[in-house]
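I have a structure I would like to understand better, so I am pasting it below and will then ask my questions one at a time.
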Amino acid sequence: MVGTVPKLQVRGLAISYGGKPALSGVNLEIRENEIFGIIGPANAGKTSFLKSINRMDDFTVGMKVEGSILFEGKDVRDWRNVYALRQRIGVVFPLPVGLPLGIYDNVALAPRLSGIRRRSQLDDIVERCLTRAALWDEVKDRLNSLGSLLSGGQQQRLTIARALSQSPEILMLDEFSIAVDPVTTMRIEDVLRELRQELTIILVTNLVQQARRLADRTAFFLDGSCVEVGDTEDLFMGKVQSSSTTDYITGRFG
Amino acid sequence: MFGPAEYNIRNERTERLWRILFLVMTILLIIPVLVILATLIVKGGPALSWEFLFDDPKDGMTKGGIFPALVGTIWLVTVALLVSVPLGVAAALYLSEYAPDNLFTRAINLAIINLAGVPSIVHALFGVGAFVIFFGFGTSILSASLTLAIMTLPVVIVATKESLQAVPYAFREACWSMGATRWQTIRRVVLPNAVSGILTGIILEVSRTTGETAPIMFTGAAFFLPFLPEGIFDQTMALSLHLFVVSTQVPNVPEHLPYGVALVLIAMVLIMNSASIALRIYLRSLKKW
Amino acid sequence: MMEGAPNGTSDKDRLTFDWYLDKVVQGLVFLGGISAIVLIVGIFVFITREGLSFAATQLDIIEFFSSPRWRPTSEYRPTYNILAMIAGTASVTGLAMVVAIPFSLGAAIYIAEFATGKTREALKVMVELLAAIPSVVWGFIGLSIMNPLIIELFDVPVGLNILNAGIILGLMAAPIMTSIAEDALKAVPDSYREAAEAMGATRLQVVLKAVLPAAKNGLLGAVLLGVGRGFGETMAVLMATGHSINMPDSIFDSVRALTATIAAELGETAVGSEHYQALFTIGIFLFVITFIINLLADLVVRGVRKG
């Protein structure tokens, strides 16, 4: 069952780049062990929202963030060690990225950086993460070949395996299926359903039906604001506050 | 009026003429150099021998070899590299990995362009004013190498920056998203994939440093020294300056001698440049992503 | 401020060794970046420091630039005026540009727009190797190959003159100008070419009507950098101009360049003497001129990217 403990609380979040607002007035709550879907047309501010959560936007010049994002009660902007924050809140971007290292080293990179040296321990992590990302069987015999030369679908699963290697508490995915074939998409969706047992997932998706298949609750973003948040079933049953939500879900625009 | 067919023929003919004209200009640019190279080889070739490379100059530099100049050039280049490579790589790392896009960064880039554009003799004046006199290093390998290092710094910076930026940004983002610090990202992913490109840049810099003459004339290179340098506070002979000296300053030099020096110098430079180009082409053929 | 927060996040938000290391590295590479500015300012400060007291007290600016008399060793009254050297530098650089501009532009057009595949690679490599030849070797070529050639061909007594140095300098500047011009041509988006081709233009018309106008700022930048290079070149002009103070009337006259004067005379002067300071004053002038040229080139090229 979906927990009700809040993992992230977003209060009055507004993001602007060089004075141009990208997102404003976002208030929502993401709960432990749920899959939280975010849908909406392009330029709705979905990616800006994700990046602000684990501060991947820290180096963006001219960006301004107002409001607060409480992660276990503490604003992410108050974290002094942003790298420690990102270890706990991982993110997977739309385009798969296999680093030009061996497959093993791709997954072992982050654990190594945080000080794990013992080979047996690394072996465990690599096997566990690759298995959970549904890639282990395909690559277990060639763990030394370059991760950057895998197929797109494999690279995306490798990316997910890498994101899991730090045992994050929250995993954010940004339109992960955009460069992936339908079969791999289905496999990754299965992976996400299983991962929900252990962590909280925020799933930004351009596929409305993907949100319906996976998400417990879903938010609808439009033109830089969060129009609607609710149980996914309710949204798709038409129990909405704004008619634009239904319009988008039923494919009338976007 | 022309008919359409006639018009096309005329067009094709002018087209071909211009095309040939551009080709001829390109070739004319290259031919003199081939002629020059050939002349150097024909006239300088007979001077070359093991004795020429490993002997001291004799009889007022009208006989003998170029050994002290070769050794001196190696000293100058090595010390210059020890300064310019760390400094240049650091500057390139800052510009490529850390610098925000602002006025200050633009000022740094402008400074680099100017560092490359300031005349070599002005670098020499700076070397005299700063290292020889102000810092009291005297005319020494240290002063000359520091001057050379500053002059060729832009070569290292530009080559390193280009190699760093050839590593896709997505690799950096992938590392950051797992909580890697910027330095961890640079060390584990960016640098390993840029290092060979940086190496080609350093070879180019060695080549540039080898050929420079004006910056070392008054800062540490001597016309003639009967002994080899023993440390960075000694003066030294240098191959490039030696070519200037034997071709303009010394009377009664047999013709083949300066040709021989020029041939050795240009061979060193061209071999290094070719190596750098070959390395670059080879690296381009290794696709890692 | 969140120390000891009850939810226990603060112990995970520790500043680790790697966090500090990252800051230290950031500081170090920042020093590397700022060193370029420090050095360029340092160059100006140190050459000004050495030349300042002469420039400030004894220099008659107008005479300095308007009189050709450079007589540093005159026992009666030494004079330090640089008009003849400016004329020398300008005439050699001017001729060099006459040589280099058409050839480098033609070569850049051929390499960027006509040559393909292996030919193009080979030509680019050749141009790159050309740029690598050290200036002292070019000077030697002027001295020992061009000099007798000019005497023979034009029946003049001395072959070390504007013609010699101008050709040498043109050959030196051309490869650099070629590669910058080629970059400028390559930077023109293919959509320009396609648009022109769609209207039935031939390859040549595409180049002349669509590509060249679009690349004109970059090409101007290439020329400016070539001029800067000519102005600052030292060894080659020292060896190939004939090095005599002279207001030139023809390209067969020997002249002397600003840079070459410093190179030839600095070794003979006592540190701090008038003559020494006068040479540093020439250095200041050269620094300022090349700084302006490089700044202009940068602005011109940047203008392209914005527009």
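Going by the order they are written in, the chains are A, B and C; count residues from 1 in each one.
Basically, a contact is a pair of C-beta atoms (placed from the backbone, for glycine too) under 8 Å apart; a residue touches a chain by one contact, two chains touch by 3 or more.
No experiment lies behind these values; they were computed from the predicted model shown.
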{"item": "Chain pair, A-C or B-C, that carries the greater number of C-beta contacts", "value": "B-C"}
{"item": "Maximum centroid distance from chain A, chain identifier (CA atoms)", "value": "C"}
{"item": "Distance from the mean Cα position of chain B to that of chain A, given in whole angstrom", "value": "48"}
{"item": "Distance between chain centroids, defined by C-alpha means - chain A, chain C (Å)", "value": "52"}
{"item": "Distance between chain centroids, defined by C-alpha means - chain B, chain C (Å)", "value": "15"}
{"item": "Where chain B touches two or more other chains, by residue", "value": "181, 184"}
{"item": "Junction residues of chain A - those touching two or more other chains", "value": "83-85, 88, 113"}
{"item": "Where chain C touches two or more other chains at once, by residue number", "value": "18-19, 22"}
{"item": "Of chain C, residues touching chain B in the complex", "value": "18-19, 21-22, 25-26, 28-37, 39-40, 42-43, 46-47, 49-50, 102-104, 106-107, 109-111, 114, 121, 123, 125-130, 132-137, 139-141, 143-145, 171, 174-175, 178, 202-204, 225, 228-229, 231-235, 239, 259, 262-263, 266-267, 271, 279-280, 283, 286-287, 290-291, 293-295, 297-298"}
{"item": "Touch list for chain C against partner chain A, complex", "value": "1-2, 5, 7-10, 12-16, 18-19, 22"}
{"item": "Touching residues (chain side chain B, partner chain A) in the complex", "value": "100-102, 170-171, 173-181, 184, 188-189, 193, 288-289"}
{"item": "Chain C-touching residues of chain A, taken from the complex the two chains share", "value": "71-74, 78-81, 83-85, 88, 113"}
{"item": "Chain A - residues contacting chain B, complex", "value": "54, 56, 59, 61, 83-88, 90-93, 95, 97-101, 109-110, 113-114, 146, 148-149, 159, 162-163, 165-166"}
